[in-house]
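These notes open a run of structures that come right after.
Each of the next two complexes has chain A plus one other chain: chain B in the first, chain C in the second.
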Partner chain A sequence: MSQELKRKLWDKTKLFIFLLPTLVFIFGFIGFPIVFSGYLSFTSFNYAKDALPTFIGLQGYADMILHDSLFHTALLNQIKFAIPYFFITFFASLILAILINELKRWVTLFQTIYYMPMIISMSLVGITFSWIMNPNLGLFNRVLQLVGLGSLTRNWFGDPSTALYGLVIARSWKMMGFTLVVFLGGLASIPGDLREAARIDGANFWQEVVYVILPNLKPYLLIGGIWVLINSFKVFVLPQVVTEGGPGFATLTLYYYSWKLAFERLSMGAASQVAYITAFIILALAAVMNYFLSTSD
Partner chain B sequence: MTSLNRQRLILGVVVIITVIFLTPLVWMFITSLRPTQELFSYPMNIIPKELSLENYNYVFIKMTSFFRYFINSLVVTISTVVLVIVSSATGGYAFGVRKFKGQGLLFMGIILVLTVPYIMYLIPIYMMEDWMGLRNSWFGLILPYVALNLPWGLLIMRGAFSTIPDDIRDASIVDGCNEFQLWYRVMLPMTKPSLAATSIITFVFAWQEYLFASTLMSKNKWQTLPVGIVWLRDELQTLVYGRLGAMIVLAVIPVLVIFYVFRNFFIKGLREGMLKG
Partner chain C sequence: MERKSVAIVLVLAITITPLFVLGWQAQAEKNLRVYAPPWIHKKFPLAEVTKDFEENHPNINVNLEKAGKWSAPKYITEWKGGSTSFDVFVGGSGSMLGPVISGNWLEPLGDMLHGTMAKDEFVGGFLAAGHYKKPNGDGTYYPALPFMGEVAIVGVNTEIMKKSGLWEDGKPKPIPSFSNTEAFMNYFEKIKKNAPVGAHIQIWDREFMQYNYAGPILAMTGAFQEENGKGFDITSEAAHKWLGMLQEMNEKGVGEWVTTDAAGYSKWKTGASGSFYAAQGHIMELVSVTEDESDIAYLGWPGSKENGSIIWTHSVWVPKVSSKVQLAKQYIREAIFSAKFQQWSFNNYGKLPVMEAYYGDGITWFQDQMDTILSIANASKPIPLYADIDKYLDIMKKYLVDSAFGRMEVDKALNKIKSETEDLDFNNLRAE
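Moving on to the complex of A and B:
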């Protein structure tokens, strides 16, 4: 009996040794911080002035949601960013994946090319796009002039009506490689017979896409869609590097606002509230999307 | 015949889109090769009249902080990769091979973490590191980077370990292997492709990370490339995009080479991680 107990104890110890590095990193740098910032979101805490956080319950959330006009601006900008970002990233990569998959050859080559921006730092992508969109010396305005659209030229990132959408383009360009790879994986897994059968039944390419490809791609569309959705709300680097949230507050996103509250104003409580509200929106949207895509048939 | 024409049409469309897609990268590369006076010519010539390496020369000779950033990026990235490998090889074994109470719940929790905004961790980590004196040190970046990459690593490595047949485990135990030998000598070599995928995904993440580096490292001496280059841009103030272009090209080359050499592991790893999660 005691032999048995000893063996069990040793077994548990071994398991613990295997799990130790994981537990240290996950609890130390993710579990504890997430709980702590949750606590901070119910407090008022200026990191520079206050010795300790003051517990204020839901008051901080109420003030943030009801009275903070910059929060309202950031929320609105976030929505204006997320909608075109989602559609551009999702559909551009889906359409391209379907086209590339038709080629049979060079699939890996195109996949590698489109994945390239994914491995380049967002900040460097930001610098690159600032340069291309530069009002006088940039490529984009120059090309517009050369094709006779000179009247459209403007300071794209300096104009409040276009700055946010310029960032959408830059971010979609960087991120679409990921969904493209996911969709190409899904397309490759569709059995050739299925499409052959549809073609024998007289389906054209468009009908093949609608009736054979898309239904079979569903799990991949769900994964890709949720990934794009999550990322449409995690927007920080481009507004910081390219526009600093401006002009005015035209590109202040939720994520960037939270960062500004934390590390410029040092209001850790308010910053945590914005972070938690953002996370809540992301999880709610992902849950809704999961519900619709996995139940509808 | 019509099918061949269709193939050609699709290829044509894809090639045109791909050329447009590649323009920003190609443009930055051309910019890095343009002499300064040509960058300021107005209206600009799209096809450069002359090319020179003056921007690269300038970066190599004058910009000493660029090299400091490069070394920092290298040290932080490699250390992160090593620690993620160790942690996900052990943790992946525990989740993939062993059974224990709360396993599913713990794993779900770890994966959920991938979806929330990193700033939720960053605020407390900033305070923790301030208090422990870890800000402005290599460790100040390495530790959170390992934590942020571990969920991916665990996802991939758990998958790899769980596909190893039970027979192999039983046979090794009959042969007198203890559990650590089973893990290290028998199973770990079988997960090599997944280890490679985990390393590359982690490398790419750490090499491009901006949020934590810009917040936790306030001193020039400790900054990594993605933030350091932005600082140099702000410091130089004027339009020095030729030099910035050269720095961007130099910063991107290492990760591009690694990605290209290991691209199959990389894409396989991403897909496996995605689909099992």
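Moving on to the complex of A and C:
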């Protein structure tokens, strides 16, 4: 074996050794679970009673979609959660980013302030908002009383008509910082000449936003939008920590239902079906968003 | 080159070390390992009785640990692989243990029921809560032994009852019959006038929902299941009547329905609520705030002294794969079924001992309430543990809770439960 070949072989070996921990992690903790839960979704498998999964094909999916009323509740709740969450998080962070970008000073300060909730764990956010919205001691009800809106006070997480939206606010507050930073990055990349040219042509601030800023921001809107969209369906920690899916099942989400199926009923096949249906919905919505926002040039 | 070699060694070390650590841990555990959730550590003198046990057996070392949140799949995975993190688990309700019992993962403990732990030494139906059909259908067995009991009972705040004119001859006036709806509602209306935090509290979470619904139906009729055994009674006149009354209580504001146990207990512990339908132990906890046991008294729903109420238990159990089964049984007998363990919990938290002998000397409070509690407990029944209990409870929760809160009509809720639970497996895992 030539010296050159030996060196090349050694280089490849080193490469493999350095990649080994990452590869083990990816295959062990991401690749295998995805493939195995995909297989489980075509089976009936009670983890406590059954030695092995029983293959049932698409029957489990059909039963889940057509006959499982809790799945229907979870899906409906998920949609009710996703729509306000998407609009609040996406548009609020976009508006804030545009406004912060207009500031001459303190851009970094505001960027940091809005990003800070991102570093707090979701369960801590849940506990914090449980206190803020506590019916008797909570800050939220107290503020309502102070401004003369005492009639609006209620048990926000204990009332089925408001519990889900309470979670929307808590999650939007936490997650807004990321999209804000993405949008600020996009705004910084828009050449100043373009806005200046628009101003010379007589465009006001609103026209600048509509005709210059937003078209140039499209790739960032796509990234931010898909991020928000994915997160609008990945909802588990808040309902688990704050409401346990209740009152009744008012805050049962798809992920939480998948968890309940797996870890309360030990029905691994059904849990995988819900997880895969959720993943399919996310992928489909992301594709639609990609279609409308992707730049062809 | 040297730096690269060091890096390679480090990468290999990072990859391989966890495997060695796991292997070493598996070898290290040689003693009796006892797991219990944090609330057991708080409400039972587990550390003390364990220390006594070790002193009595100097050659035995007990590792006492706080169990994390219960996760059946986590432990079943271990058991499938032939190992276990613990030899004894102290704690576990029927619905929690259902999956592991139906999967036949627990060691039969029936051979312990002799001497001081003979079957007739247990109170009422408490032992029945640990009696199950064998998963292979061949007879019955005791895969878990109940060590504490709770009875669903109505607790009242004596001060508020007196102010409401519902106190007579040193005890609360009985609740009027369910058949006289007007008198029944008036009773709670009177309490409401003197109870700023609510006349009557019920916790409508997944667990207490069962007792809130089934207890009064049992008190009314002597049964709370459908005649064919397929689930709770959802078709009888009593079922319709009680769910309708629950709605009415909520609508009229005499019923304060909450959705979490924490919310229920915090309302009750303010001392400004009139009555509370919950576990007798939780009702007693008001006294830990006021330090005066005359602040509360117990009542049954009308008919419960004859027809009983709902009881539930927490059990101690041993995984089949444990290599310390005999030692585990010895620990259970000497520590968990000791008078110190069971009476301390009653004297501090109102958890009922399961052994009749422990109701005498050593009990320091509520002696005057014992007759009411025990007469209801003796006639009481545990909730059946259906094979599909988790799915069943989810469906019940979906419609029953909505109906109790007045968000769904009674007929619609009961019909929905009927149609969506028809195909479930109602085989009762408990021996009948």
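FYI, the second predicted complex is superposed on the first by the 278 of 297 C-alpha atoms of A that agree within 3 Å, B and C clash if a C-alpha of one lies under 4 Å from a C-alpha of the other, contacts with A are read in each partner's own complex, and residues count from 1 in each chain.
Criterion: a residue touches a chain if its C-beta (ideal position, glycine included) is under 8 Å from a C-beta of that chain, and two chains touch if they have at least 3 such contacts.
Nothing here was measured: the structure is a model prediction, and the numbers come from that model.
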| item | value |
| --- | --- |
| Partner chain(s) touched by A:Tyr115 [first = chain B, second = chain C, both, neither] | first |
| First (chain B), second (chain C), both or neither touched by A:Pro21 | both |
| Which of chain B and chain C A:Leu266 touches, first, second, both or neither | second |
| Per-residue contact with chain A, leading partner among chain C and chain B | B |
| First (chain B), second (chain C), both or neither touched by A:Val209 | neither |
| Partner chain in contact with A:Tyr47 - chain B first, chain C second, else both or neither | both |
| Chain B versus chain C as contact partner of A:Gly246, first or second or both or neither | second |
| Common interface positions of chain A, toward chain B and toward chain C | 14, 17-18, 20-21, 47, 262-263 |
| Residue numbers on chain B that touch chain A, as the complex places them | 6-7, 10-11, 13-14, 17-18, 21-25, 27-28, 31, 39-40, 42-44, 46, 83, 86-88, 90-91, 93-94, 98, 100, 109-110, 113, 115-128, 143-144, 146-148, 150-151, 154, 179-180, 183, 204, 207-211, 214-215, 225-227, 229-230, 233, 239, 241, 244-245, 248, 251-252, 255-256, 259-260, 263, 267, 270-271, 274-275 |
| Residue numbers on chain A that touch chain C, as the complex places them | 14, 17-18, 20-21, 24, 46-49, 69-70, 73, 158, 160, 244, 246-249, 260, 262-266 |
| Residue numbers on chain C that touch chain A, as the complex places them | 4, 7-8, 11-12, 14-15, 71-73, 76, 99-100, 102-103, 105, 204-205, 258-260, 263, 390-391, 394-395, 397-398, 401-402, 405, 407, 416, 420 |
| Contact footprint of chain B on chain A as seen in their complex | 14-15, 17-22, 25-26, 28-34, 36-37, 40, 47, 96, 99-100, 102-103, 108, 110-129, 131-132, 134, 136-137, 139, 142-143, 145-146, 173, 178, 181-182, 185, 205, 219, 223, 227, 230, 233-234, 236-237, 240-241, 255, 258-259, 262-263, 268, 271-272, 275-276, 278-279, 282-283, 286 |
